[in-house]
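Two complexes, one shared chain (chain A), two partners (chain B, chain C).
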Partner chain A sequence: MVKKKTKKKTQKKTNKDNAEKVASKIEKISKEIVSQIKKEESPTFLTSQRGRSNVEFDEKKGVLQLGEKMTSRNFLNLGHAKKFMQTTLVASKTFDYLKKNKTASIREIYYELKHSLGSGKENTFEDQTESDSVIVDLEHSAETIREKLNLHANPKGALYGDITLKDKMHNNDTFNMLQLGRGGWSIMSRMEPEEIEIVKTNAKYVLVIETSAMYERLVEEDFAKKNKAILVGVGGQAARGARRLIHRLYKEENLPVYVFTDGDPYGWYIYSVIKQGSMALAAHSGFLACPKAKYIGMTIEDIHDYELKEVTEKMKVGDVKRAKEMLNYAWFQNKPWQDELKRSIKEGVRIEQQALANKSLEFVAETYLPEKINGKKFLP
Partner chain B sequence: MAMEHIQAEELAKEFKEHSVAEFFKKNKQMLGLYGKIRTMTTIVHEYVTNSLDACEESNILPNIEVQIKELGNEYYEIIVTDNGPGLTEKTVGKAFGQLLAGTKFHRMIQMRGQQGIGASGGTMLSQMTTGKAVKVLTGTEKGKAISLEITIDPKKNVPKITNMQTVERKFQGTKVQAKFKDVIYRDSSTGPLEYLRRTAIANPHARIKFKGPKGQKALFKRTIKIIPKKAKEMKPHPHGVTVDELISMSKYTDAKKVASFLKNDFDRTGSTSIEKIEKKVKFDLNKDPKQLSWQESEEIIKAFKKIDFIAPNTDGLSPIGENRIKKSLNAIVAPEFVHTITRKPKVYAGGFPFQIEVGIAYGGNAGKKADGEGRSLEIMRFANRAPLLFDAGSGAISKAVQSVEWKRYGVRDLDSIPLTVFVNFISAHVPYMGAGKQAIADEDEIMEELRLSLMDCGRKTATYIKRKLREKERLMQQDMFYKYIPEIARALKNITGEKEEFLTTKLEKLVKEKLGLEKLQENLKQEETEPLENEVIEEVETSGEKEDKEKNTKENK
Partner chain C sequence: MVKKKTKKKTQKKTNKDNAEKVASKIEKISKEIVSQIKKEESPTFLTSQRGRSNVEFDEKKGVLQLGEKMTSRNFLNLGHAKKFMQTTLVASKTFDYLKKNKTASIREIYYELKHSLGSGKENTFEDQTESDSVIVDLEHSAETIREKLNLHANPKGALYGDITLKDKMHNNDTFNMLQLGRGGWSIMSRMEPEEIEIVKTNAKYVLVIETSAMYERLVEEDFAKKNKAILVGVGGQAARGARRLIHRLYKEENLPVYVFTDGDPYGWYIYSVIKQGSMALAAHSGFLACPKAKYIGMTIEDIHDYELKEVTEKMKVGDVKRAKEMLNYAWFQNKPWQDELKRSIKEGVRIEQQALANKSLEFVAETYLPEKINGKKFLP
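And then the complex of A and B:
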């Protein structure tokens, strides 16, 4: 008990330290702008240039990273003026959050800051995409992530398995995921160590599942307990919170991460985001990516090995186009993936996870996954 | 000190007699005396033109008052008073009681009064419609003023003067009071008021006061006090003369021989050309010009055509001047922007010198009221400073305005733009179309000059419109920046503790500098207030003082 108390104190301190650190970064940027104004120079701040042209694949680390190209936001530039104003508003508001130790969703900060300007035809923000984009600017300028600005997006994703978490922001509730019934635990949008602590896990690996239906199937089949697995149902493209959690299990607990998706370009991209990060959040790959993650399936090979040809679907024109683009992605430049993509394009078929139900409901849990995982039949 | 006034008595020498009273009765159309509204405008035109011409010939800055009273249904009295040289007992009869008494029809000189038939036409029309005499009060610089009533003997075309009285008070100028029936007054674009407004624009040296039948009042102030340079009488160029004109001229010449008549009374005819003509005609050039037959005249004209003469002398033309048009458009039209051009004299049809002046007024009160809201294109046409109000759609000026691609100059729709186009056509020989003398023929050279000057005006207007739009845009941008500044100041204050007011002031200053607004606005203001000419704008009532000042300004220049 005594030991625990000490740990708790340290944790809280870290949390406060972080807030102070980020707040002082915002203060530094603001002071710089004020000093420019004093000197009657054009008020300017720097942020990273985003978009494809400034994203590179770091082969050594195996993650997507933002390049070094910076771009300036200049108040006196007609095209920047509004964004500049919006950024100062978001900076000021998050500064308050950090000082008061409050957190808000990105929708909440949007509503908190939205009001009409001047005669009333124009608003500080016309819609949430504007404030979202400014938040990203600020993340880059302050060299931090939105979670550390005390902001968060909408939560998505579910967690199940033998893992114990502690919610330090909420009475230090401590709970094991096997005791939460079939629903498991809803992954929060903020999964920062300062707030959620991974207390203990006996799992051997993390299984990331694309569809919620497959996640529920595996919970029902008691797959987690039987295989000492942590199940993360991401429900399509993984949200930030889920990605952060998977990353932490990978990094803090040193667990292998296996990704199980539909065998189509969308599924492959979900995998690649878990593994090396996304274009949009390339700057934060260090917080989010799991470069050693492995791909379980579905694969073209599976269709032949498990005689699933009858339950495949035809690839749509867009799918083929996307698959052809993926052939050129830096992180797919290895023989297994090139073969997989080329065969898919050639055969023109895609296969869903749930097509395995064609064999039987239990097939995925009792046969398919164990065979793939134990036999290490992965794509890199 | 004073410039010498040319005495009225001297002017009188030039009057010559004709018996055309009967002709008048039958040809009212040709004289512009048809249509109830048009007739009234024409009468006003005749009186006002006489006044302006008389004043200018005597170096007097014209003060003209026009009053119209409604006496009954389609029954009006027109009273025109000027401060001109005045008439004497000898000359007043010819001026008001004898048709075609002047020599206007035979002189190659640029003048306003090429339309109509003069003040006597008014007398004739008055007695024909009301049976009443015209009342005249007139006085010269010397002697006493006289008042009288006058009518015309329609058969003999001679004045009948009654009630002649000497007036005891001092009066210089002429006041005519005439009554007319079958005429109508309207405040329309062809009515007397619009006529006077345009006359004032083209005659910035004149002060014109108007009082209408419904109590309407208008005062068009003098914007410059320099009397236009007198148009010189020009000899006709041999290439600009018809057989008929040659014969008319031969009747009035002082020359005793055809050879000297051709040499003296025409422009650019020297001894060499006379020798050439001699070889080309079948009769003896020593003949008395008064005896020239039609056929002989034809021979001369044919000979003229075969000879290369130097292009006509253009010295005799008297334009208003760019700056003066600019000034009066600014004063009377009150637009936002004015551009004017006086082109160099040119020659049309080989023998007729002419000159074009174009002004364009944009924004403000320019243009005429459109049917719906807003304003639309207004074309003001003038021939030798006299407004052409009628037959608006036809003639070279209207055609030239229509032919310009206004779209190029940012003018999309002529029906919805505050734009006034002013065109003054100057020539001793205005090529009118039709007897009404309200439209100018579209001779190639005239069209070319019109188009060139209109396009130049168009370009200048386009520049102005663009600059104005840019200015508007800048102000909009400033508004945008200014809306953001308080937000930024508040946010930065919250984070850094810096004073909001300080940040706001500094940021506003930065924005202003960035947009260069201060500089731009200054430029605009300067342009607006920059005096166009050093001449006086105020009216001057005493003639002595007026001339002193005039002299000074001339010397200063």
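And then the complex of A and C:
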């Protein structure tokens, strides 16, 4: 059992882990297994228990975290044997990646490792959920994140504003996001400091935007320059690469993070994942969360303040159900959010960020966002 | 009724339409309506009939086109009155956009124009499908595309390779896509020549890639540089901005376009839309289609040639149904595609492009694509 204090220390350390260090962790886990076999013990390795029962909301830090419950996988337990084999396959492959300086998507490693066993019909992996689950095991065992194992999910999201990045793995390309036309930069799936350096930014804050269309609107209105803002268009739920980038701007550059989504359960969820982390990735909040992030809107109050009733939509049954669940979430246990959720349920409406176009196209950039940000009219 | 010859001529012309010309077209349509009213005639305007019955596959050009069937909207016809009103609202708003040099997403114009009528409960638009449909009417009436009306859909897709673009609406930013790190450029929703200039490219062809993860793989393998390729990661079905860009590289730069998708009905559909255009946008194939584009794969033959059987997946019932429908499509009436579709149905399998990782991560870049492209092993 890893004690809490030790764990915290290790987690801090891993933020600076490089490929060599992570590879040596994998090697250590593997050597331990080999030594167990030599001693004729049942090969076993430890990983954190997952699922809600082991997820805690750390009130002080304001992030979701994985608890201390550990679980073991034993090769000689019939129920564990296949998973054990899968774990050694993934561990060995990621070790290769780290040594060869290659990276792979989690779908690629699944395909790379999938093959039939011997002459039988049994496959190493039946589908990607099996390898995904093993990757999480390994992240926990090695106390790191998949990006440090040279794995990653799909890329999504765009970046715009006065920020200069350097890609150390690509001729040290150095480019400022205000000089790439109105498209901006396509955020990679991997945004690790060992690869992408934040060279400089003159921005005062990071604005995270749910929809790609609103991102384009704010680019067209020259919002970034006029307000010294970095715009991150996440296009729905933020991909891990976008979350790593936002986290790094928050942590390394000390920039406030403001989140601008539709006013509905999906938008609130996008916000809460950026702020506190997610259940599924509770172990990695230290790499991904921005606990001081603020929610700009859309809010129910906006509908009244800006007379937007005509452009609201009725909440669907599923939305209402989801909003009611959110009322009980630890991280929404504060008056402003309780009021917001209850009011939404009572009025039964949702409002999209693009609905602000009902005032005028420029309204969001010239009135709405400045009023919210300068007046600090946020939800916590 | 617009005669075919006249229409063709006009369509050619519209490729060079600028905001002023399009605005004057809208003005002309509007003036016609005003003059009808003054003459106490029923205000009427003409637009092309839509739906399959008016879509033709032009064998010679190799693209889908809208036929000559026209339809009229009459204000004094009770069934048309609301749509007529909606059309004038959209026409007037796009005229404003063109005059003020503003652009809007099709969701924004919906929200901008949505309001209740008088003291009644009737709204100008109930939902976006209504304004979307009117936008198509207007595109047809003015014989142009929505981008020229300063409207656009959401952006999606990334661009990488030795190509330099200039954004004439953004300080004339000029940037080469090999110098933006490994992320590449985030393709805008609007890629019109009046705004984005293709300054220079040393590439020999354009490679369109279905998944974002495969796009990242090819970037990591330095495929673009080694093969003088432009990579366009479309992330599923290509957005209009990405299609306009691919079309322009095909047309303005005379570059061959190769499409690389999963081997399944969705992948084939992505290909056919890039090559021939789509049913829904049949009128705009001249702005969007690349009739000489070639299909690289994945193919059923690949599964055998590269021993990938273990990493295929069973076709779902819906996939088989879709494949059977495609057998009858005019643009798949050639032996190679008939063979491919029939074989897929017979073997009942689909294969993803990422399944090539089963050979090795580098295999796609070092073996598969070069063999296909250098050997001209394409489907037509």
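Simple rule for what comes next: the second predicted complex is superposed on the first by the 362 of 380 C-alpha atoms of A that agree within 3 Å, B and C clash if a C-alpha of one lies under 4 Å from a C-alpha of the other, contacts with A are read in each partner's own complex, and residues count from 1 in each chain.
Throughout what follows, contacts are C-beta pairs under 8 Å (C-beta built on N, C-alpha and C of every residue); 3 or more make two chains touch, one makes a residue touch a chain.
Keep in mind it's a predicted model, so treat the numbers as computed, not measured.
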Worksheet item: Thinking of the overlay built on chain A, is A:D162 touched by chain B (first), by chain C (second), by both, or by neither?
Response: neither
Item to complete: Examine A:H170 and indicate which partner it touches, taking first as chain B and second as chain C; both and neither are also allowed.
Response: second
Item to complete: Kindly classify A:F95 by the partners it touches after superposition: chain B alone (first), chain C alone (second), both, or neither?
Response: first
Worksheet entry | Per-residue contact with chain A, leading partner among chain C and chain B | C
Worksheet item: After superposition on the shared chain, which partner residues are touched by A:I26: those of chain B (first), chain C (second), both, or neither?
Response: first
Worksheet item: Once the shared chain is lined up, is A:S360 touching chain B (first), chain C (second), both, or neither of them?
Response: second
Discussion item. For A:E147, using the defined touch cut-off, is the partner it touches chain B, chain C, both, or neither? Pick first, second, both or neither.
Written reply: neither
Worksheet item: Who does A:E210 touch here: chain B (first), chain C (second), both, or neither?
Response: neither
Discussion item. Does any part of chain A touch chain B in one structure and chain C in the other, and if so which residues?
Written reply: none
Item to complete: Over in the complex, which chain A residues touch chain B? Could you list them?
Response: 26-27, 30-31, 33-34, 37-38, 40, 42-43, 75-76, 78, 81-82, 84-85, 88-89, 91-92, 95-96, 117-118, 122, 124
Worksheet item: Okay, in this complex, where on chain C does chain A touch?
Response: 102-105, 107-109, 111-112, 114-116, 123, 154-156, 158-159, 165-167, 169-171, 173, 175, 179-189, 196, 211-213, 215-217, 220, 235, 310-311, 352, 354-358, 360-361
Item to complete: Using the touch rule from the top, collect the residues of chain B that touch chain A in their complex.
Response: 477, 479-484, 487-488, 490-492, 494-496, 498, 503, 506-507, 509-511, 514
